[in-house]
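Quick one: structure below, then a few questions.
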Amino acid sequence: MSDRNTEAKWDSNRARHWMAAAARAMTDNEQRLTELDSPIGDADHGGNMRRGFQAVTSALDSAQEEGQLTGPGAVLTLAGRTLISKVGGASGPLYGTLLRRVGKTLGDEAEVDPSVLGEGLRAGVEGVVKLGGAAVGDKTMVDALQPAVDALESGFAAASQAALRGAEGTVPLRARKGRASYLGERSVGHQDPGATSAALLLGALAEVAGDE
Amino acid sequence: MSDRNTEAKWDSNRARHWMAAAARAMTDNEQRLTELDSPIGDADHGGNMRRGFQAVTSALDSAQEEGQLTGPGAVLTLAGRTLISKVGGASGPLYGTLLRRVGKTLGDEAEVDPSVLGEGLRAGVEGVVKLGGAAVGDKTMVDALQPAVDALESGFAAASQAALRGAEGTVPLRARKGRASYLGERSVGHQDPGATSAALLLGALAEVAGDE
Amino acid sequence: MKQLINVPETVVADALRGMAAAHPELSVDVENRVITRADAPVAGKVALVSGGGSGHEPLHGGFVGPGMLDAACPGEVFTSPVPDQMTRAAAAVDSGAGVLFVVKNYTGDVLNFDMAAELAEDEGVQVARVLVEDDVAVTDSTFTAGRRGTGGTLFVEKIAGAAAQEGAPLDRVAAIARQVSESCRSFGVALSPCTTPAKGSPTFELPAGELELGIGIHGEPGRERRGMMTSGEIADATVDALLADRMPTAPVLALVNGMGATPLLELYGFNAEVQRALSERGVVVARTLVGNYVTSLDMAGCSLTLCQADEETLRLWDAPVRTPGLRWGA
Amino acid sequence: MKQLINVPETVVADALRGMAAAHPELSVDVENRVITRADAPVAGKVALVSGGGSGHEPLHGGFVGPGMLDAACPGEVFTSPVPDQMTRAAAAVDSGAGVLFVVKNYTGDVLNFDMAAELAEDEGVQVARVLVEDDVAVTDSTFTAGRRGTGGTLFVEKIAGAAAQEGAPLDRVAAIARQVSESCRSFGVALSPCTTPAKGSPTFELPAGELELGIGIHGEPGRERRGMMTSGEIADATVDALLADRMPTAPVLALVNGMGATPLLELYGFNAEVQRALSERGVVVARTLVGNYVTSLDMAGCSLTLCQADEETLRLWDAPVRTPGLRWGA
């Protein structure tokens, strides 16, 4: 994945493409996410993500038709609000908060620099940490999100790579947050589903950042 | 099996031996009877027969201690009453009626000729047919009992053989009585559990008739 | 299948001890296997006694209480009880107004209850009997033991129980019971077989992707095996089977019954399809009961019972009932 | 495992349509997934709102009615509902006396209910919250998301519901709810896993001859796997786990709960062993409820909840309740 377009501005279309790519990734990986959520969770993460991001794309389509998507901030704020009001579970409020915070940071501008989007992501991940109380190493989505924003300086592709490595790095961890924590030692040896979907979300970002 | 002792009289001890041999046969074949009762019934015939005949032997033991078993008629009447009050299901009243009728026919005598026992069996099977309304060919215990009493002229061993053949002959039949009848055509191809236990009961009789 | 039991031999006795501990309003004779209302006999009231093999809970023991049964006799799993239980129960609950035996039509139940009726009458108890035979999956009744008694039993016990509670005499209670029994039709479907404690393995094989139509409540296989169907298709097939036998006119009572292992979530979803199927065929339902009431151990599946009511039976259906398994009204 | 469904996507909506058809005393908003008492808001009464993932029926929707909940919000299967449902429910049932949210302690439920509380308060509804966290199988709470909310939820909803029905103000209802919540302890055992509609296969593997101790109600595996045990051994292990955490003094309420696919016959038998185990350890039980109340789809198994009561909570427990899933009193 090349970063040739990482300097290009982010407008509402590009933000929508990110959400569309995320929806595709969640749909394609629904079964895998649910399988990961079975041994250490309750087997609903794939459905939650697919349902949530599909709701996001249709909410964005409607808002676009009505001319409400005046900038990338509006897109991501609506995406976050939609996740909160359609997903449920732990992941709905957490991902919803993440995207809403990104959107809030981007504000009302019609387009923003990639660095502003990066700033937004940092704020978003802070929001996730504040809401969920998880730290790196607790075997949650934070284990993918935090390394990703830490790598943002080197571009979105690097962030996506870091998220992937972070997700894979959850395998040996013992969970301390979320449903997997109930298993204690038995949570070891399984990859965290939320960290995996976080890597998909960052992957979709890198794809859109690099391809346009 | 030889009929060398078929001429010997039947007293209360010999009747008790029949019941004890029947109890052994039912216990040894419990699983088989239940397996037969699974595809075309409700998987309880083995338990019913084991439970019933074990109750019979303990009732007989108590009655013997109290000196109440003055003849084979008393033994078989008590056996029948015990089956009625301990087994339940279709087989409890039917086998209970069979043995009670035998006992009633034998009356109060201290011992009776084998031919009187044969007469009793004929009356008993009549009682079963009257109570249950099944005819030969309906795929029930009557398919073993009726040929058995028809063969009684040739002795108990012959009756036992006829019961066995009758039980095996139920395989191709379509059931018209009892639980198996609900299956219609699908009852074909399975041996009737009650006919099978009837053959065991007659087998126990032949054993005791021939061995003493 | 694994079971939450000690040993197969004590399953029924253990359950009765557990019922006794949970229900002080019942009097449970564990040794003799008779469950009665603790306040029985109720002066002047006709008493209802039912029973059958265990494994169908809450039927019948869970239906003992004001407005329904006065006593229940649980047999071994899937084995009808013995006459001694029924005569003992009749003697315990008879106030002198007589006893109605509610009997599901199975050879064993019929034979044992008939023997008990004779014995009880010898002891001076006036006995009437109603036979429940509602399962339309049993066709060609002349070549079979006749239709099985299944879900309709609940309607007979509830409605006749309400009549008895109101003080109707024995012949009236029996007449109402027979009318309800004749007005009930049931049809059942299994998605998985059940496992009896004694056998310890499923009573029949049902591969993934197949179901059995027209099953009974004793783990016996049904009349027909088909490829897996949706809840809507099962509702259509079930409703068609019932209406082909009898087209009820309003008011109609419906029991959407789970066989034991089907989650309530699925059962309610099935009810939505049943209501759609019925209304598409012009049947208007006055009352619907959804739940696990006439079960078959851990079988997954469902049955539908339709009961053609009239103003009087509808009123008796709505009358108060206070049992562990069914409860409403004051 | 086969399921009685149309397609996984419509399972919850189908069930709500089926509930609506069966329960005219409830008002079911299928589109927005809110179940309320048809007579809500009840003037002057504090309203109780609960909710959570579907798959635990009758919890919570089956507990809506006089004496218990005013509204329930069902999420997708095993997925907590969304804030919109809760704020909508709160607005529908608030009479001005305020709303108590009864929340089971799961990250998702807590986050969504907290967001809803903020939104509802913005809209002028007074909201209090009680967290149910009764599952002693979750140890080392500091290294986990904390104890799960399971069977204790029923006690909280019933007892706080009775207080609200009697006219207690919000702070009092919330205080009682918290007291009950703190007094409940639960422990669950699975004999077989469950199958979610979306996954279509069991959520974990449990070979013949093994069981899981310390399971939750979302198909998640437990803390420990053991060789198959008898009902008596399971009762001993369960009671020991509960009493090690808290030794209750009289009066004690007990819920012997089935996980969904365990026959009532087995559950009553298990209750006999639970009562034995408790009395051997000196615990006297004042009330026992046996049945499938807080389930996990088609999981076979059971859980035990003990609730330390006092004279006041015992009285509120005995107070009338009229819901599809729990009903007693006038």
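As written, the chains take the letters A, B, C and D, and residue 1 is the first residue of each chain.
Assume a contact is a pair of C-beta atoms (placed from the backbone, for glycine too) under 8 Å apart; a residue touches a chain by one contact, two chains touch by 3 or more.
The structure displayed is predicted, hence computed values, not measured ones.
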Report task. Please find the path from chain A to chain C through touching chains that uses the fewest steps, and give that number. Result -> 2
Report summary line: Every chain in contact with both chain C and chain D is listed here as none
Query raised in the report: Where the centre means the average of the CA atoms, what chain is farthest from chain D?
Result: B
Query raised in the report: Whole-Å distance, chain B centre to chain C centre, using C-alpha means?
Result: 32
Query - Whole-Å gap between the CA centroids of chain B and chain D - result: 54
Query raised in the report: Whole-Å distance, chain A centre to chain B centre, using C-alpha means?
Result: 75
Report summary line: Note: chain D residues in touch with at least two other chains are 77
Query - Per-residue overlap in chain A, given as positions that touch at least 2 other chains - result: none
Query raised in the report: Taking chains as nodes and touches as edges, what kind of graph is this: line, ring, star, complete or other?
Result: line
Query raised in the report: Name the touching chain pairs, please: which are they?
Result: A-D, B-C, C-D
Query raised in the report: What residues of chain B sit close enough to touch chain C in their complex?
Result: 34, 38-44, 46-48, 51, 84-94, 131-132, 175-179, 181-184, 186
Requested in this report: Report the residues of chain D in contact with chain C in the complex, numbered from low to high.
Outcome: 1-7, 10-12, 14-19, 21-22, 54-55, 57-58, 62, 77, 191-192, 208-209, 211, 228, 230-232, 234, 256, 260-273, 275, 285, 288-290, 292, 295, 297-298, 300-302, 327-328, 330
Report task. Spell out the residues on chain D that touch chain A in their complex, using ranges where they run on. Result -> 8, 53, 75-84, 106-108, 111-112, 115, 137-140, 143-145, 148, 196, 198-199, 203-204, 216, 218-221, 223
